[in-house]
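You will see two complexes here that share chain A, one where it goes with chain B and one where it goes with chain C.
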Partner chain A sequence: MSTRFWTGSRRDTLAGYLFIAPQLIGSVLFVFVPLGLVFWYSLHEWNVLADTFTFVGGENYQALADDPKLADALVATGFFSAGLVVLNLSLALLLAVLLNQRLRGTVFFRTVFFSPVVVSLVAWTIVWSFLLQDNGGINGLLELVGVDGPNWLRGEGTAMLAVIVVQVVKNVGLNMVLFLAALQGVPANLYEAATVDGATRRRQFLSITVPMISPTILLTSIITVVGSLQVFAQIAVLTQGGPGTSTTVLVYYLYQQAFQFHHFGYGATLSVLLFAIVLLLTLVQWRMRRKWVFHES
Partner chain B sequence: MKIRAILAAATAGVLSLGLAACGGEEEPSTGPVSLRMTVWSSNEAHLKLFNEIADAYQAKNPRVTEVKFDPIPFESYTTTLTTQIAGGNGPDLAWLLENSAPDFVGSGALLPLDDTLAKADGYNAADLSPAATKLWQAGGKLFAYPFSTSPFGVFVNIDQLKAAGQQTPAELIAANQWTWEKAVAVAAASATKSGKAGLVVRDFDYKGWDNLSTVWTGWGAQAWSADGKTCGFDQQPMVDAMTFLHKAIFTDKALPGPGTTADFFAGEAAMTVTQISRASLLKEAKFGWDLVPLPTGPKGQYAVIGQAGLGALKKGKNADVAADFLAFFTNPENSAKLAAYFPPPRTSLLTADTLAKTNPLLKPEQLQKVVIDGISGGVVKPSHTGQAEIAQAVRAALDPLWKPDADIKAVLGGVCSAINPLLAK
Partner chain C sequence: MSRRAKTAVYGVLCLLALPFLFPTWWMVTSSLKPVNDVFAFPPSLWPTDVSFDAYAKAFELQPFARQYFNSMYIAALVTIGTLAVSSLAGYAFARIRFKGANFWFVVILVGLLIPSEVTIVPLFKMFDAWGMVDTHWPLILVPILGAPSVLATFIMRQFFLALPGELEEAAKVDGLGRFAIFRLIALPLARPALGAVAIFTFLHSWNLYLEPIVFLSSSEMFTLPQALTQFVDAYGGPMWDIQLSAASLTALPVLVVFVIAQRQFIEGLAHTGLKG
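This part shows the complex of A and B:
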């Protein structure tokens, strides 16, 4: 019997590990180690200026439970996410269906709606901050049609709406393209058969299109929900969390606590909370895929 | 096996980083030294002067091979600085804003300077104005040098006022009528005529509320008591001052409303309240302008100053060398040079003659009335330990005030409820 160490299967194993090594090392260094550190920091009181780093156990988590401002931040986050997901997905689907027609100019409009996706986020937001001023471009347009526009970024209700719309217009093109690709993958013969059976356009949409593109709906909703929980630059540029605390979403609150108020330990605790929320939502959506998503096989 | 090795490596990484975060100071080195100083100015003339001073220092101290001035944008200055410190990458010296002074001075992040300054040749620390150094001291020790003590004044666009047929502030001062009532009336009339903004409290923008201390001090109001423990927002002087301001914004339209920006220096407003160091922005102004002291309030004349300090970070590898460079950077000779851009804390330099040499844009009368009188009698803008958190709470609680139908007293009471727990910390 041969006792050669490098048997074929060992060689294959090594090759396999080498193939995944770059990704694995990257993940460990830039995902798992920072995650571990954030959790470690959340157990400490870290005063940067005084240069103290004291173990406090669960105190930061207790503070989290007692923090009256956290509820406001969670409510603001909920509003933002719900508004963004509903508006983004429905608009993206509507645009995709409209631009899936074989008509002149669809390529032009696809480009128009997609182009904000490739614009720098901060530049995009800064331009919108000018447009949304009380004497800015949006209200100037409204004035032309005789409407006295609100002070968008200063009203408690309109500020959140403005942030959501700015974000939707920025990113709706990405979901639109994903939906377009999915729509084009729906076999045409299904529609032909449905037409022969006398199904209306609405019925065809609900009974053929939606089930056939449901994997894409799931994917886009996960991406959009997770992305909405990470909103930061838009808030920092447009409202800085105001007016009041109406647009202080969780990530912005985390930033304030850690980097502005120098409560790095508590900031890390908020990060752990954010991580748990994102993980939970993703798991829920993933679990529900069996119920929602239609698989051909 | 491999997995265990990876986990071990990751754990070691976590531990070493964690330990680095709580690690102590390093031994002072004796080899070549390179210093880094964070500043918020990227003005070429400023940096040129700093580099000249640094070159002179290096010529005398060959051990110091480099002094690097590292500009950080003003808007995020303190946040960036503290993040650098948190990451173990803090500078050796740093400019500090007055609103972060209590945090930096009280935390022990800075090296006490008294001994170094006392040892420095011909430093004459007794020349520093006590009003200027007060904010930067704790327990009788000086933790930062107030390199810039810049009073607030009112810059005026004479052309816009004249076009609106209004008296200029200089005329009003001569007639002893330069009051807030009058200033607001003039601003409102000018705004109506020009269609531009009237009076802009610069950097306020319905967020930077501490800039409003340039107004409410005229009513004898203060954000909190001198000991920092009692909230002043719900007290009568503040209610009166804010009522006046609210009327000036929403009834008289003398100040641009929330969400409207106007830059005086671009000719978009008739008047602006800001620090005199902004005069340099008027070098190429295409309109006639003047600089006058703040108008008088119901409590009479007053002045407000903004400050910036320079400190050496204790945690730096070469903290002693950094402090020594600080002493050189701010000695009488270099202070005189710095006075070209930053109103100095040295009483010997605070004369209209000296300042006139370095501030050619300002007339001796303006220097005397706004700068010298301002520095000697000025109230520093509000600052408190944990300022950033308090500032954020005040901003959020003040937001409901910036509506035409606001219940001023109730809003100001709300500000105190919001910050009382923070003031008590």
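This part shows the complex of A and C:
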């Protein structure tokens, strides 16, 4: 120590910081500085066209509280997120259970269900937009069985349903694969013991499968909830937030305010709100894990 | 399983597969139909006369080849850059003992909680101040260094944590430096994790939509997702035949690569770090 400055631990410290330097500098520059700026902007009235930037304190937050459109956006976001998470996780689990049977052809079906994940998001959305036209393929198929389908993307009730289904089919494969990996990790002897004890399949599913894969359910639900709050391209292509404001979710509203109406200050305030919601939901789910997640590995 | 149960499971699987297969099928077959057949009602499942007119028009109406190249090279650069940044950081957080490692790891993880939509306004102003609006720099730099690469770093860290340490110890005794150990020993072992990170990084960049429409304004700079939505008539209505052919060109190459390498794709994603 006294003779050499470059001891092993000093070398390691230098190496460690050099290795993480790009990520650390990048995080500061492209995550923390913009996050700080979002808070700063949200305290200002910013008119891009007139090029004025004045400090207004909490006025934007007052406007937020008084904005009647915001309530609509939050309701739409709530509907979309809840619908997406419930449908996505239950379908993913169903598919994983079906594919976990010892059957021929499961690799084929796994490939089919995963394939939309690799299709370009906007390409996928355009095709669905085409299929969901009043005279499109979906209604064509429905007519074959004698059903007169609605104009999916132009009806208040059906537009949100359509957006949710399009997004679920696009991404459910990812959660399915994670569930499948978790199901394959459940020890077979647990099921054998339960069968000996006379437990029904349903009982086994609820008392063995669900608890054993609960860490994966937690992980996928966090990923899916956070992802559901970021839906943008689908809305922009399928409905542009309509009809009315029925599919104007928070991110789409933020985009409209900032980049279509050039209200940067108010857009930043909406960003702060979005960040707060993501943070809150993640914390809630993380705390709830103690209640229902069986074990932590 | 009884024969009956098997038939039931296959029936359910086939039914559920419809919404996953039909759109892609419909996209490709419709794009090959002459424009009048595209809107025939009831629609036909198979193109009777094959026509490549819509494909030709996609290249006439926009610099589509250029836009294709833009998306390809941006996604390639982002993938290579992310692999470098995330494997270095992930290795250090898993393998090198240094003061502050845990603290900085938690700080970086905060990025996972920040959707890019939250920071899009200030990022636009920053790149505007640097004169980089309507260039590809924001689409390259932010994913490599910002929030999107944090998940990659996390996955790499999880992978390196699970790697046995003996090889590295032996290399240390032989006098190899940290970077040499990382490059010659750890990195070659990390191929599965690097593959998974490469796949989802490429797809993430290939799919970006909000960022291009915020940052880019001239059509020769556009990326594919943005270009697809620009095939509209004078009234802003989509030109379906052209949109579908351009969408097919965007989706099919990736889909073909996926079908060939589906096992590596799926198992790579399932078994590396994402399990938590």
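Just so we're on the same page, the second predicted complex is superposed on the first by the 288 of 297 C-alpha atoms of A that agree within 3 Å, B and C clash if a C-alpha of one lies under 4 Å from a C-alpha of the other, contacts with A are read in each partner's own complex, and residues count from 1 in each chain.
Heads up, the rule we're going with is that a residue touches a chain if its C-beta (ideal position, glycine included) is under 8 Å from a C-beta of that chain, and two chains touch if they have at least 3 such contacts.
Owing to the predicted nature of the structure, the values given are computational and were not obtained by experimental measurement.
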Identify the partner contact of A:Asn151: answer first if only chain B is touched, second if only chain C is, both if each is, neither if none is. first
If we overlay the two complexes on their shared chain A, which of chain B and chain C does A:Asn189 touch? Say first, second, both or neither. neither
Give one of first, second, both or neither to describe whether A:Tyr17 is in contact with chain B, with chain C, with both, or with none. both
Touching A:Gly244, do we find chain B (first), chain C (second), both, or neither? first
Of chain C and chain B, partner touching more chain A residues: C
After lining up the shared chain so the two structures overlap, which partner does A:Leu37 touch, if you call chain B first and chain C second: first, second, both or neither? both
Based on the superposed arrangement, let me know which partner A:Gln256 touches: chain B (first), chain C (second), both, or neither? first
Please work out whether A:Val177 is in contact with chain B alone, chain C alone, both, or neither, and reply first, second, both or neither. second
Mind sorting out which residues of chain A both chain B and chain C touch, each in its own complex? 17, 24, 29, 32-33, 37, 135, 259, 264
Chain A partner contacts - residues on chain B that touch it in the complex: 2, 6, 9-10, 13-14, 17-18, 21-22, 79, 82-83, 85-86, 103-104, 107-109, 206-207, 257-261, 314-315, 386, 388-389, 392, 395-397, 399-400, 402
Under the definition above, what is the set of chain A residues touching chain C in their complex? 9, 11-13, 15-17, 19-20, 22-27, 29-35, 37-38, 41, 95, 98-99, 101-103, 105, 107, 109-124, 126-131, 135-137, 140, 143-144, 165, 169, 173-174, 177-178, 180-182, 215-216, 219, 226, 229-230, 232-233, 236-237, 251, 254-255, 258-259, 264, 267-268, 271-272, 274-275, 278-279, 282, 297
Across the complex, what residues on chain A touch chain B? 17, 24, 28-29, 32-33, 36-37, 40, 46-53, 132-135, 151-154, 240-245, 248, 256, 259-262, 264
The answer for chain C against chain A in the complex is residues 1, 6, 9-10, 12-13, 16-17, 19-24, 26-27, 30, 39, 41-43, 84-86, 88-89, 91-93, 96-99, 101, 104, 107-108, 110-111, 113-123, 125-126, 141-142, 144-147, 149-150, 153, 178-179, 182, 203, 206-207, 209-210, 213-214, 224-226, 228-229, 238, 240, 243-244, 247-248, 250-251, 254-255, 258-259, 262-263, 265-266, 269-271, 274-276
